[in-house]
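Note that subunit A is present in both complexes that follow, paired respectively with subunit B and with subunit C.
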Partner chain A sequence: MYAYLFPVFYLAQEAVTEETTEAFSIVALGNQLLNGISIVGILLLTGLGLAITFGVMRIINLAHGEFIMLGAYVTFLMQSTFGLDLLLTIPFSFLITAAIGALVEISIIRRLYGRPLETLLATWGLSIVLQGVIKLIFTAQLKYVKAPPYISGNLTLLRDAQGSAAIAISYYRLFIVFVAIALLALTGYLLYNTDLGRQVRAVTQNREMSKCLGINTSLVDMVTFAYGCGLAGIAGSVISSLKSVSPPMGQDYLVDAWMTVVTGGVDKLIGVLAGAFLIGEFNAGIAYLLNDPTARVIVLAAVIVLIRYKPEGLFTIQKRS
Partner chain B sequence: MLVARGLLLFLICFPHPPHPLSLIPHPLKMSQSTIGIAKRSQLPTKLMTISGIIFIIMAILPLFLGSFQVSLLSKLLLFGALAVSLDLVWGFTGILSFAHGVFFTLGGYAMAYYLKLNLAAEGNTYGVDLPDFMVWNGLTELPWFIAPLKYFPLAAIAMVAVPAIFAYLIGWFIFRSKVSGVYITIITLAISSALTTFFISQQAYTGGTNGITDVSRLSIFGIDIPLNGLYWMILLFTTFVLVGSYWLTQSNFGLILRSIKENENRISYLGYDVASFKIFIWTLSAGIAGITGGLFVPLNRFISPVYLAVAFGTQVVIWVAIGGRGTLIGPVIAAILLGQIQNYAERVTQDWQLVVGILLLIVVLFIPDGLVGSVSKFFDKAKKQ
Partner chain C sequence: MNNKYQPPLSSLGRRKFLKYSSLAVGTGILAACSGGASSTGDEDLGENPIKIGIMYSTTGTIAIVEKSLQDATFLALEQINTNTGPWEGNGEGIEGRKIQKVVVNPDSNWDLYNQMSKRLIDEDQVVCVLGCYTSASRKSVLPVFEEKDSILYYPVYYEGNECSSNVFYTGAAPNQQITDSIPYCYENFGAKGFFIGSDYIYPKESNRIAKAELEKIGGKVVGDEYAALGTTEFITIINKIKQAKPDFVLSNLVGDSIPAFYRQFKDAGITAEQIPIMAYPTTEEEILAMGTEYAEGHYTSFNYFQTVDTPENKAFVAQFKEKFGKNRVTNGVMEAAYLQTFFMAQAMRDAIKAGEEIDTKSIREYTRGQKFQAPQGLVKMDPDNYHTYLYSRIGRWGADGQAEIVFATPAAVKPIAWSQTLYPGRVCNRPVPDDRSNPIKETGKDLQVKYLEKT
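And then the complex of A and B:
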């Protein structure tokens, strides 16, 4: 009865009946949860840069996905021209995307501080421009990046009766999770235990006062934004070998990164980890019960509901306002 | 219940120019001069003459143009109306939405089902009264929620009602909270992204990535509408949208909308229910966008998730930004000009999007008022000196 009132629900049910032929087995669930872990790694990695540019600096950066894309292209370029290993290209993509980020901050973002809607529009324009420029240089063709051979293969957690792998996760996906957590720790250290980090936090809390105390606020802004973009670049490099590299690839990661950051809340850096974990496992769980597109739609809807009730994110300190 | 509430809201908010908003509490009984935002003007005779002449020229234009040009011009006029609908919420009320492509497409799908189902009824090679994409996806009968769209009146109602109700639900959900402007924009991005995924995944019902293609020509109650007829319908519709929006924004209702954009807190301190105003204009604008989409389908001959995607929503935002938010004619001019340029540019180059991005950046950084806004500001300055 309920199903006939709501077409969406009805359609979702249709999807369920299609999928029920697949047995609800422990093995499938285990695989899906591990798959969730690898999604968590990717979300964390792509969301981290945004946690800096949006979380710390409150810049609505819709070009974040394009910085990920730039990082991936740097890796592709290094690998195809110099034959460099993927891991060795990571510093280059950090430096190059950070440099482009600094340029963007000076030329665009700086003019629009305090005007969030304008910043949103400008960064959206920037994202279209970056896509267009990359398309001009590299054409729209899909590019492929080789993963390093020594992190290939699967880690098998459970074997079935025949001895073949039943529950397994590839080493490369574990590597992504590792890189993401390492970067999170590094960023946390920089932000909370160094002079630069203290200056960054001071500027975001009270710009005028920081200026009075002699902090070069515009330099701090530039460095912070460049660092956030550099992180996006690293994410792009690491992710590049998972799928193909193409100009519009950043768009998908943009939506995911935003969901992660918004869910986790931006008060504490650790919120990103929580957001990534929640969305990743939630997504994998629903995808196990229903199917992938439905899972994505439901997760997006859940994030919208979340923004409605807690725009400051789930994991924030209660403040009196 | 929901519809009744929407109707009530509509009645309450509906502006009556001589004594507007008599039902809405006026705590301070303020006159326009105390608000001091914009003066209310009667429709000036000069403006009326000029628009009349333009209308007549536009009306006789198809007699001198080829069918390709007429079809292009009709599309551009529709894009103009779509831009005006976004301008109502963004330029006047300050809600930036990337979801107008979604409302447009929802209306478009309603009309596309009507056209497709009528084509299927005329008899196709499959021997069933089913659209081809449903047959390919193994459906044997028409889903109950699509079947009524076979009849024109119902399809026409759905074309407005589906996007309007969808928008009403979203608006009811998000505007009655303390969510700020930027988050609302991000929500519209998420909606657009989610619906695109959803429409692509429900291939049996929506035609998937291809959408609904090869629809029939528009015929209403068995009468075929020729291209010129469609053009005149669209011209009338766009004119109606423009005139209606002008009247709406010049009324006290429009004045309140503009004050919401300027200072939302202040308006709510004065006792206005800001959320109701936002929901109303948001729903109205979605309804207009839906009709635009519905009229677009017979011209375009297909509708697909391409128009749901954020890229199309961005296109609409760019028309409004370049034309000038808060001016009504600006977005129309920008939509027509840019659409025309795009039409030629896309034959020469693959990189039209790059040009669009650069334009958007330039407009945001250097001409925030848009072209028409800057020009009128320039003249205002010149007049004062």
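And then the complex of A and C:
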């Protein structure tokens, strides 16, 4: 990825001269923006777990991508041994990754609260370990996950003169967006409308005071972290049939998830949605006008600039210092 | 450590930071070198074994492919050391000397390939190395092998335009893969091609050659798109394909991008009848990972498919499955990794028989012109340009994940190292014995397709 930083201007120039020879089509751009929605869906889904572990708990979790990977492998395992449908494997993915998350919280994270640097290093190490373990068990080969056959085909919004689809989006990608939004809503409800959610927020804001008021802070921490990991697991399950399942797959989502969470702002859950939407649509738009590698460079650079001027992200709560 | 006491970040001591960060960096390096240089210790290798290096990544992005190359190489080495398979009748090992493999894992990191090849040659003193997959890794080790004058056997189809006296190329040169597939696409699918690939040397060069070939016969490239290595999101590229309405897609995507692309291609509602994909790096292995229904009706151009009907191939597939599991498949790159190990062994055998030491010079001279009855058919190491006479085939993927071979050359095709569309008349001719002088000659002539004569 960093290798592209230097030739970015050259690439952009090259792409511009190539593209201008073709007719610019507003329909095509419309289609691309609709496609952007599906990128938004994936970003939201993969970023949501991180919004909990980092946004709420302030744990710098570099193993987030590996929890996504674990979710995908749970789906693979359930399918290959029990022949389960992809949708039915989702609860298992959630429970198993959440359980592993809880284990990680008890054994590693708990001992490092308030020490972000050490947490960063520990979770980085954890990501290497998890990849290694999965590779030992399942080998490095790509794995096959069967997509649910009843969610196939495309939703056509606009047809061209010949009657073929001009603006269309696949049902599976719509399904991903739906799952992402549903999980966001559920998480919002849990966080802002339940006792557990109130406790979670209380612990985040003032750990010592919460403890004094009789909240079992260590239990709250464990449950919250496990929930965040479980969300990552669901993400892994849902995207596994559209993408590739392999031990290093999580790395691909880690950077995107971080960009999403950091751009949106970590204090409010709605920030993830905003971050996912901005990054997804910008990525889709620029990639359409130029090309994919260039779009990635430009979006990454834009996020760096944004963090420079708004380190707290776009959506922040005004705090008393 | 007392976990009730939580020091704020500012008091994180310099010493402690150093301690933990070095620990983390150490873990990273440890992970990269895991396995390190592991010689096979538990085997009885007898006296005076011949040491060779095996350099494939078994971790990182490209491990998906390289691990299976390593498996195929190990199978060949086992057969050589135990006098089985194609080696039957030659005795255990090479004239009584067994092969000792020194295995390194460069962790899909191009710089590590460079370092590890130095280590294999200097410290482990191997006589030659079998390894590498991507062109990026080959380019990274090429200066090492040339400077230290050692030998690399490279089993991968590649973009051509190289002619080193230190590398034996056993994968396809451009004229054994691109030259036949582009006219096939033009005649069977149509004139408009949309080219895609992963963003590094091989796909770009390969597409450049294919573009020249397509334009030469009157076709047109309506799109040319690249995705970063390891990308699994192809919605933009697929949208561009939809807008450009090509007759076929030429794919040079590699690794974990392949299953993602084929799945999203079908998911976006494009069928193989509307726009077929012609690919080079998509093999049996990737098809298995993506699900056969996504590849059905698409095409791959390769020297070898698991369905090739030769007795050698039936034996190879059976032996491979017996050693590595029933659900594994063989593919063209693995077959090349397998056959090159026999090229090496035969060269060593001939050198010992002639009473020569096994070193770079003898391995080089005796590998030249070596013939082998490979699973794909009879192949030969070209004595002039160190590439291999290989069959050129096109397969159409069926519902069972296996290819129906729809095109095949009558015999192995003579390799031409340089793309003749880009560099007309340029050939590579090395003298006997090889004095490592510049071998490039501009003949200015149109080179004819030559086949290997069956004897």
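As a convention for this text, the second predicted complex is superposed on the first by the 306 of 321 C-alpha atoms of A that agree within 3 Å, B and C clash if a C-alpha of one lies under 4 Å from a C-alpha of the other, contacts with A are read in each partner's own complex, and residues count from 1 in each chain.
Note that in this section a residue touches a chain if its C-beta (ideal position, glycine included) is under 8 Å from a C-beta of that chain, and two chains touch if they have at least 3 such contacts.
This structure is a prediction, so every number in the text was calculated from the model and none was measured.
Contacts of A:Gly153 after superposition on the shared chain: subunit C is touched, whereas subunit B is not. Of the two partner chains placed by superposition, only subunit B is touched by A:Ile60; subunit C is not. Using the contact criterion defined above for the overlaid structures, shared-chain residue A:Lys135 touches subunit B and also reaches subunit C. Once the two complexes are laid over each other on the shared chain, residue contacts for A:Ser246 go to subunit C alone; subunit B is not touched.
Shared-chain residue A:Ala202: touches no atom of subunit B or subunit C. More subunit A residues lie in contact with C than with the other chain of the pair subunit B and subunit C.
Look at A:Glu118: by the touch rule set out above, it reaches both subunit B and subunit C. In the superposed model, A:Ser127 makes contact with subunit B only, not with subunit C. With both structures placed on the common chain, the touch criterion links A:Leu289 to neither subunit B nor subunit C. Looking at the shared chain after the overlay, A:Leu95 reaches neither subunit B nor subunit C. 4, 111, 116-118, 121, 124-125, 128, 131-132, 135, 140, 251, 291, 293, 296 are the residues of subunit A that lie in the contact sets of both subunit B and subunit C, per the superposition on chain A.
Touching subunit A in their complex are the following residues of subunit C: 1, 3, 6-9, 12, 17, 20-21, 23-24, 27-28, 31, 34, 58-61, 63-64, 67-68, 199, 224-228, 230-233, 235-237, 239-240, 242-243, 256-260, 263-264, 267-269, 285-286, 288-291. Across the interface of their complex, subunit A is touched by residues 96, 143-145, 173-174, 177-183, 185-187, 189-191, 193-194, 197-198, 200-202, 205, 310, 314, 317, 321, 350-351, 353-361, 364-365, 368 of subunit B.
Within the complex formed with subunit B, the residues of subunit A that make contact are 4, 7-8, 11, 60, 108, 111-112, 116-118, 120-122, 124-129, 131-133, 135-136, 140, 251, 255, 258-259, 262, 291, 293-294, 296-297, 300-301, 303-304, 307-309, 311. Those residues of subunit A whose C-beta lies close enough to touch subunit C in the complex are 1, 4, 18, 25, 28, 31-32, 35, 38-39, 42, 110-111, 113-118, 121, 124-125, 128, 131-132, 135, 139-144, 146-147, 152-154, 165, 168, 170, 172-173, 241-249, 251-252, 284, 287-288, 291-293, 295-296.
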